[in-house]
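To start, I am sharing the structure in question, which I have written as structure tokens.
Per-chain residue numbering starts at 1, and chain names A, B and C are given in the order in which the chains are listed.
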Amino acid sequence: MGVSGDADPSFALTPSGNLRRRLAVSRALVAATVLAAGVAVGVLIILVYFVAQRGASRLSLGFLTKALPLVSFGAVSGGIGPAIAGTVEIVLISTVIALPVGVLAAIYLTEFATARVAKPVETVLEVLSGLPTIIAGIFVSALLVTQSAYAAGVALAIVQVPLIARTSAESLRRVPEALGEAADALGIARWRTLTGIILPTAAGGIVTATILAIARAAGETAPVLFTSSAFGTPYQLNPTQQVPNLPVEIYNLANSQDPAAIADAWGAAFLLIVLILLANVGARLWLRHSERKRGL
Amino acid sequence: MTPSGTPPEAARSPTQAGPATTPSPRLRLSSGAASYPVSQASDRPWRPAADVVFCAEEVGVSYGAKRAVRNITLDIHRNEATAFIGPSGCGKTTVLRCLNRMNDSIPGFGLYGSLRYHGHDLYAPGVNRVEVRRRIGMVFQKPNPFPKSIFDNVAWAPRNLGMKADLDERVERALRAAALWDEVKDRLKASALGLSGGQQQRLCIARAIAIEPDVLLLDEPASALDPIATASIEELVHDLKTRYTIVIVTHNMQQAMRVADRTAFFSLDRDQIGTLIEYDRTERIFSQPADQRTRDYITGRFG
Amino acid sequence: MSGWWWPLRGYSARVDPASSAAALAGRTRLTRLNRVDRVASRALRWLALLGALIVSLGLLAIVYQVITGASLALHRFGPGFVGRQQWSPATNQFGALTLLYGTLVTSVFGVAIAAVLGVAIGLFLSLMAPRRVAAVVGPLVEMLAAIPSVVLGLVGIYLIAPFALHNIEAPLHRAFGFIPLFGPPGTVGNSDFTASLVLVIMVVPIIAALTRDIFLTVPRELRDGAEALGATRWEMIRGVVLSTTPSGVVVACILGFGRAIGEAIAVTQVIGNITQVSANLFARGDTLASLIANQFLTPVSALHTASMFYLGMVLFTLELSTILLARYVSRNFGRRQWA
């Protein structure tokens, strides 16, 4: 093994002593970590494949635009058009609430708050981001009593705000302090520094956070289950009323005994999963792109 | 056959001229006809010189497409201290880290030429990196004690190697050899991070010699230390070379003069690639260097 | 770079700090702009404060509403609610014990599996995988966390539950049926065990991402130092990576646990929705969150609704304790041991 006749055998570099056993242990454990990563990726692939196999064939223009029939008769089934429209609506409401609140809270944390004030606010965001989403649901249902697209939007905003605020705060913190200090040294007003330098520099991270928060909200069921539980209705976009939406539609269709309804659930699940995974990939690419642009 | 988790041959350059360019045929050749000379890079057969620990012939290193070092040919002798000196960025540390394969994990690393350790090709396919490092210990520029107790720092490697008999004694011996015992004998259970920089570095040396290696590689061991700690490290190197072969990289020419038997001067060649300019006994290098560049460097005209 | 400066164009960018004081005193245009600046800066500060206030008051409002919603049950059952086993809307008897039990069993079991997998993946991503592999596998693992729980629940019903029933629950029961934990499985695979499996899928990416980040903080010098002493890869990991980051790993698991106890939808889809305390992991059950998801829209009485708010309170308290525990651990044991 690479040993010439002249080599001193007492200095051979092949495993000696207990090294064979140690290497076996090490390799086994290294292999186990590779296996674990493989299992996780495998589970993801199986999940997506399983949903695609059952749902992809359901996707058609009719399925994406029509409403579900009020009563399903065997093979006759409708579509998830109203649920798609409803999901877009409530996620829009939610993002309109959560984006400014989240970004402003992040600005407060990173630019204005003293350490003593920042700490409790950070704790609040930590608690909110760990808040079981079902609690957001019962909270809004207790607060607003009647179900509506607005209520669902508020409930989803509770999920989105900590996501947006924490990620935005992180990317604001990553703006080199020298940039702000240079502006301060020039005697430039704080708001101009913020809106002209710091926010644009952190914009990549904030946009990424927002895309991820939108993807998250679109798939959340627990917050909308008690705030906009309409299901199987025709198109309904009045925000003061309940609106049908994809997660609740899937949740209800899945509990059905009717094979056609279950097929619809798979179709809707496939659509949802594809959109969410695409948004995730897109957000990542965007982040990488914007960071490269800024040389971070 | 590759050590655990090594990116096996990927880390090595495909254009490598050394024996392991194509591992599989090489393996067949050597197992079938063991009496053939190993190296294909050199026409010279291995010279059996009992006191030569490392024999480098035309060694070069590249990272990806970038050539870092080339044309290194030198013998390192047993129970001597060999110093690598030269301006920064000329590949001293790179070559040092090749000697116990610490560069393997760097993406794009490739080694050319032949590098042998007691006649064994260090980069042959059957060679195990863990075994290499067990025989060839290394102490780094920045003291890096583990966040453990002083005792556990020294005892950690022997425990791994199964040297569990008389562990206390082994630890004491290593600490004494590193001239640290008297300072720490009353607080062996204290964290190693509480030691001063010089003490930490001597602890790292104790840690390395606790497993009784054959060679100690020291990568600028005193550069982060104050003059008093530096002096104690130099004194230590003097004592240690009676039992170990030592290779020390240093920026400091006085240090090389004080501790080294032989000195290798590295510099950049005309293509800005690190290379070995001159290698000789220390007193010759510093009194009558053969190369003009060496003379310029030691007289302070360059670097 | 020039794009960032648009609001400053023609004004501040050209102000030289040395002459700006004189300019401010001398020129009215600047004084007026200065006033605008002061007002705008102050407005921005107030707006930012408002954002922080909305967030903080929002949390207070949530706590207040949940307690108010639970008041009827609070008066009726008092703190003993947590220890009452019965949950029977028909007889208006409510207690949290079975649900607390179901929550803890599914989460502890799920997190135990997820911790092993997640830490292994964290090690793989931070120390084993070549950078290019990690750059692909890392996001894929994180994507597992992006799958909506309702879709995971759907897959749970049609794939995971039958799979668990036929390939895990039934064989384990046949082999170890004498252990109460591995009692007789149900008919369709709805069980605490299946719920745990679903939770594993949700928690693994969290633990993997958190531990990866922690392992990456272990300085390269320490890892090199270990390997230079002739340690194998695993000895290096055990000796200088895992041993220097135990608190981080524990914190990751606690946070994963916090995620697991709060999951409602996917769990309610596969757990079988029966309020009972059973040592049998393969029996149907219910958790705090899954019961709320299942019964909140169809309450039979005001006390029923109030009791579900009470469950929400218990859940919130649990979540708060996991966060506090995670903080306590990282504060007291998480000192960076290297500097």
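FYI, a residue touches a chain if its C-beta (ideal position, glycine included) is under 8 Å from a C-beta of that chain, and two chains touch if they have at least 3 such contacts.
Just so you know, these numbers come straight off a predicted model, no measurement behind them.
A.B. asks: Chains touching chain B and chain C alike, please list them.
C.D. replies: Touching chain B and chain C alike, sorted by label: A.
A.B. asks: Going by C-alpha centroids, which chain is farthest from chain A? Tell me that one.
C.D. replies: Of all the other chains, the one whose centre lies farthest from chain A is B.
A.B. asks: Averaging over Cα atoms per chain, report the distance between chain A and chain B in Å.
C.D. replies: 49
A.B. asks: How far is the middle of chain A from the middle of chain C, if each middle is the mean of its Cα atoms, in Å?
C.D. replies: So the centre of chain A lies 13 Å away from the centre of chain C.
A.B. asks: Residues touching two or more other chains, restricted to chain A: which are they?
C.D. replies: 19, 22-23, 26, 30
A.B. asks: Could you pull out the residues of chain C that touch at least 2 other chains?
C.D. replies: 128, 232-235 - these are the residues of chain C that touch more than one other chain.
A.B. asks: Tell me, which residues of chain B touch at least two other chains?
C.D. replies: Only 4-5, 130-131, 134-135, 160-161 qualify.
A.B. asks: Over in the complex, which chain C residues touch chain B? Could you list them?
C.D. replies: Residue list for chain C touching chain B: 128, 130-131, 219, 221-222, 224-235, 239-240, 243-244, 337-339.
A.B. asks: Which residues of chain B touch chain C in their complex?
C.D. replies: For chain B paired with chain C, touching residues are 4-5, 7, 10, 100, 102, 107, 129-131, 133-135, 137-140, 142, 144-148, 156-157, 160-161, 193, 204, 207-208, 211, 213.
A.B. asks: For chain A, which residues count as touching chain C in their complex?
C.D. replies: For this pair, the touching residues of chain A are 19, 22-23, 25-26, 29-30, 32-37, 39-41, 43-44, 46-47, 50-51, 54, 100-109, 111-113, 120-121, 124-128, 130-139, 141-143, 158, 161-162, 165, 185-192, 194-197, 200-201, 215-216, 218-222, 225-226, 229, 247, 250-251, 254-255, 265-266, 269, 272-273, 276-277, 280-281, 284.
A.B. asks: So in the complex, which bits of chain A are touching chain B?
C.D. replies: Spelled out, the residues of chain A in touch with chain B are 1-8, 10-19, 22-23, 26-27, 30.
A.B. asks: Once bound in the complex, which stretches of chain B touch chain A?
C.D. replies: Per the touch definition, chain B meets chain A at residues 3-5, 19-20, 26-27, 30-31, 34-38, 45-48, 116-122, 124-128, 130-132, 134-135, 160-162, 214.
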